[in-house]
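Chain nomenclature is as follows: A, B, C and D, assigned in order of appearance, with residue numbering initiated at 1 for each chain independently.
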Amino acid sequence: MIIVIQCKDQVGLVASISAILAKYQLNIVSMREHVDKSEDIFFMRLEVEDGNNENLEQKLKEILPAGAIISVNPIPYKKVVVLVTKEYHCLADILIRNHFKTLGATVQCVIGNHATLQNICERFDMPFYHISHEQTSKEEFEQKISDTIEQHAPDYVILAKYMRILSPAFVAKFPMRIINIHHSFLPAFIGANPYRKAFERGVKLIGATAHFVSNELDEGPIIAQQIIPVNHSFTAATMVKAGQEIETSVLAKALKLIFEDRVFVSKNKTVVFE
Amino acid sequence: MIIVIQCKDQVGLVASISAILAKYQLNIVSMREHVDKSEDIFFMRLEVEDGNNENLEQKLKEILPAGAIISVNPIPYKKVVVLVTKEYHCLADILIRNHFKTLGATVQCVIGNHATLQNICERFDMPFYHISHEQTSKEEFEQKISDTIEQHAPDYVILAKYMRILSPAFVAKFPMRIINIHHSFLPAFIGANPYRKAFERGVKLIGATAHFVSNELDEGPIIAQQIIPVNHSFTAATMVKAGQEIETSVLAKALKLIFEDRVFVSKNKTVVFE
Amino acid sequence: MIIVIQCKDQVGLVASISAILAKYQLNIVSMREHVDKSEDIFFMRLEVEDGNNENLEQKLKEILPAGAIISVNPIPYKKVVVLVTKEYHCLADILIRNHFKTLGATVQCVIGNHATLQNICERFDMPFYHISHEQTSKEEFEQKISDTIEQHAPDYVILAKYMRILSPAFVAKFPMRIINIHHSFLPAFIGANPYRKAFERGVKLIGATAHFVSNELDEGPIIAQQIIPVNHSFTAATMVKAGQEIETSVLAKALKLIFEDRVFVSKNKTVVFE
Amino acid sequence: MIIVIQCKDQVGLVASISAILAKYQLNIVSMREHVDKSEDIFFMRLEVEDGNNENLEQKLKEILPAGAIISVNPIPYKKVVVLVTKEYHCLADILIRNHFKTLGATVQCVIGNHATLQNICERFDMPFYHISHEQTSKEEFEQKISDTIEQHAPDYVILAKYMRILSPAFVAKFPMRIINIHHSFLPAFIGANPYRKAFERGVKLIGATAHFVSNELDEGPIIAQQIIPVNHSFTAATMVKAGQEIETSVLAKALKLIFEDRVFVSKNKTVVFE
C-alpha cells in the first residue's frame, strides 16, 4: 500500500502521521519525506505493508493542515491514454510493456493525428483513433481529442512524440496530468528541431526530458532527464536516431516513477522520491 | 543536526521517534527510513533543524528496542588517519579537500610504508609518518602503525591506495572503521593486478570500489562503486591511468557519504541514504 | 560501402590499401585503424562513398599478407535467427526494430525451447519454431535447433535470453557467430543466478554483457557492457527487473555495432570501432 | 610521435600521406580520420612509432592542398598559463597533476585577479601573479595580463574558474588558444549564475562544459561536456558544490585531449579523436 501526502509544513507532522499508522498496526516498509523550505511544503511517500485501511484517508485528513492532498493507493494501477504522431519508438515501448503487464498502468487507447501507427496498435489489439488535424479548426480538432480522452477517463495523458502544440484551453482540462517527452536536454534547445540546433552548436552530449505540460512551451515541471554522448561524426540525422533511444528510455523511467506514486508537483518543479 | 538510528524493527518505531522529536520542537527537514525485511532491522537517518537536544539520545534509547545504535551529531566533523604506499592520486585529493575545509572531516596524519608521499604531505603541513614494512616482522610493523593511529584517535582509517594486506588482528582493532579503495569493480578481479586481469579478459568497462575492510580480502561491505568505459586501444598500463581517475572519484564519494552519516553497516552490506 | 580488413601487421599497409582505393577513385569518409602490438595484428574499417568496386576484394587480397580477412559490404544488411526461452524483453525490442526496419538486419525466424513467446512473434508475422528440450536427448534437441537455423542460413544467431547452455559441438557449428546477452557485468557473477549473487554481495552497480559464445561458459569475447546503479532498497527480484532494462539496451547496442561491421574478433577479445 | 593534419578534402589524401610514411619506414600504430562533408575538410591524427622524421613536415606539405595545417609532435608536452579568481578546485587539480608530471603539459605560472589562491600556488613552488582588476581600466588590466602571459609564451591559456569576461581584443591575441570551463551544460544557462537558474528551472541534471573562448560569450567551440544527476533535495548552494566536482573532471578531460593533440577546431565546432 502506498500513501502520499502533500501539505503545508508544520512541526510534528511525521509524529502525527506515524501515530495514526501505528494505531492501524500498519508497518512502514519505506518512508521518504522532504520539506521545501522556500515554499514551506511537506511531501511524504510511505510504503506500508498491506492491512486494514478503513477510513485511513479520513483519519489522516483530520490531523493534517487544511488543503492537504492525501492519497492511499492499494493498487498502483493507473489508466492512461497515449497521443502520437508518426514516430514509433516511444509508443512501441509502451505497447510492449502494456502487453506484458509490466507498465504499471493500463493503456486505454491511442490517438494519432496521423494514421501511421494504427497498424502497430492493431497488432496489440489496442484501440486506435485517427483524429486528423487537417481540414478542421484547431478548436474542433482538440475538442475531438479531449472528447475521446474523456470517454476513457484516464489518470494521465501521455504525449509519446505527439508533435503538435496543445492550446492552453486543452492543457487546462488535464492540469499536471499530461506528460510529454521533449527531445532535448531542457532548457537547452526549447522548441522545434532541437537535434538540428544541437548539431549546429556542436554539443558533445544530447538529451531528452520528460515533463508535465503547462501552458508555457516546454516549460512545465521536469520529471526526468537523461543524456548520451555524441561527437563530430554525428550528423543531425544520426543524432535524431541516437536521441530516440534515450527518448524511449527517459519516458519509460518517468512513467514508472509516476505510476509508482513517486512524483509530486510543487509550483514549477517536481519532488521525486526515486 | 543529524540523527541516525539502527535497531530491531517493530511496528510504531517511526511514531515513537517522531513523537519525541515533536516534544523537543525539532523540525524534521529530511528523513530516510529503510527496513531490511530479511534481517528485520530498522535504519533511519534524520536531518532536523538545530535546537535543544539535551538528553535526546537517552530519551530515544528509552523507547527503542534493546541494543539500538543511536547517534546524535550536532556537527558532522570527523577525524581520520590516512594510510598510503606510493600512489599519489587519492591522497592528493584528500589533502586538497582537507586543506580547503571541504572534506567534511579533518585529516590527523598520514602514514606511509614508503617515504614517497612525504613531500606532498609536507607541502600541506600534514604530519607524515614513514613506517617501513622492511626489516621487521609483520606483527611489529602493524603494531607501529596501530600505535600511531591510536595516538590520533580517529573515527576512521582510510586506505588511500595502501598496498599491503592487513592482518585480521589489525582489522579487529578498527571494526568497520577502515575504508579501502579497491581498483576494480568488485567482485570482479579480486586480489592483485586487477587492471592486468581486466585487460586480459577484454572487458569494456573498468571500475573501482570503496568498501569497509573485513577479514576476507576485498569482501567487506561495499559503500560505493563507479565504472568508466575502456576499449581495445587501452593497454594494461593506460587502464591503470584511467582507473586512477575513478579510484579518486569513488573514494571521495564514499568518504562524503560516511562523513555525512549516510552509511549504515548491516552484516556484509551497507544501507546508504544518498 | 564498408570495407573491413584484418591481417598480420607490416609497415606500409595503409599506404598500399589507400593507394588501391585512390586508383578506384573511392573517397574515404571515415577510417579506423588499430594495431594489436602484442599479437601483431592489423585491423581496419573504412567507410567509403559508393562507387565502382569491381574486383576490389581481389585487388586488396593481392597486396595484403597471406591469410588476410577482407570484406567489402555494399549493403550492411545481415540475416539473423533469434533463440529465446521465456523472457520477452530482448526479443520484443528486436521484433519492434525489425518490424520498423531499423534493426540493421532482418530476423529470419525465432526459435524457443518454450512456447511462451510464440504469441508475440505471431503478432509480428514472425515465424516461430517451438523446439522443446524435454523428452529428448541434448544431442537430438540441439540437432533440431541447428537444422532449423541452417535452413535460414543466417549470418548470426542471437541468444536473446536463451537460458540453456549450448554444447561445444553446437557452438563449433557457428564459430564467433553466436551472440549472447549475459545478465551480469562479466566476469563478476559468471554462471546462474547472477542477480541473486549480486544482491547477496551488496554491490552498488549491476550490469549486463553482450558477448560472442565460445566453449567456455560466459568466457567468450566481450562486445559491449553497461551498468546501472542499485542500492539497499533493491531485492534480488527488483534487481532482475532493473537488469532487464540494460540487458535490452546492451544487446541492442552490441547488435548495432555488429550489423555495422564495427566488431572484430582477435583471440578472446574484440576490437570495436564505435 | 603524433602527426595531425587538417586540410581541404580530396580523393587520395590517405594514400599520399601513408605512402610518405611508408617511405620513411614509420609504422602507424593508430590512425583516426574524419571528413566534414558539409565543409569539405579533412582531419587526421596518426600515432606512429618513433623513427626518422627529418623534413617530414615539409614532405607532407608538398603533397597536401595549399593551406594545410600539419604538425609533427615528437613530444606531446605543451606549456600553459592558468588564470584564476577565487575558486580552488580546478586549479588544485591542475597543480597536483603538474607537480606529479601527469598533466601532459607544464604550467608556467598562475595569474589571479584576486590573491586568494596565491598560497596554494606557493605550496607547489608555482609562480603566482596577482593582477587586480580594481582601480584600473579594463584595457590596462588586460594589458598587464597579456604581457605576463606573453612573457611565458604558452601554447594555451587555461581559464580555471576565471570569473571575468575577456574583451574581444584580448581574445584576439590568443585565437583558439584560450580554454574555459563553464559551469553549465551549454547552451543551457549561458552567462552568470547558471546553478541558480538550474535550481529555479528544476532540472534533474546539471552539467559543465569545457570550450575554446571566442568573442561571443560562452559560444566558442565545445571540447567536452559532462553531467551529474541532481534532485529536489538540492539547493542552489549544494548544486554549486556538486557542480565543482564535474567542473574539475571535465576540464581535466578537455586538457588531456588537447595535450594529446586530439582536438581540431573547425568553424565553431571541434573534431575530437578520443
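Quick notes
Note that in this section a contact is a pair of C-beta atoms (placed from the backbone, for glycine too) under 8 Å apart; a residue touches a chain by one contact, two chains touch by 3 or more.
Just so we're clear, the structure is a prediction, and the values are computed from it rather than from any experiment.
Chains that touch both subunit A and subunit C: B, D. Comparing each option in B-D, A-D or C-D with A-C by residue number, the pair that reproduces over half of the contacts is B-D. Interface subunit A/subunit D: over half of the residue numbers present appear on both copies, so the contact uses mostly the same residues.
Computed from the mean C-alpha positions, the centre of subunit A lies at a distance of 38 Å from the centre of subunit B. Remark: subunit B and subunit C have CA centroids separated by 40 Å (rounded to whole angstrom). Multi-chain contact residues of subunit C (touching two or more other chains) are listed as 30, 34, 233. Viewed as a contact network, the protein chains are fully connected, with every chain touching every other. Taken in their complex, subunit C has these residues touching subunit B: 34, 36, 185-189, 201-205, 207, 221-227, 231-233, 268-272, 274. On the side of subunit C, the complex with subunit A involves touching residues 30, 88, 92-93, 96, 99-100, 102, 120, 123-124, 233, 241, 245, 249, 252.
Residues 9, 11-16, 18-19, 21-22, 25-35, 37 of subunit C are the ones that touch subunit D when the two sit in their complex.
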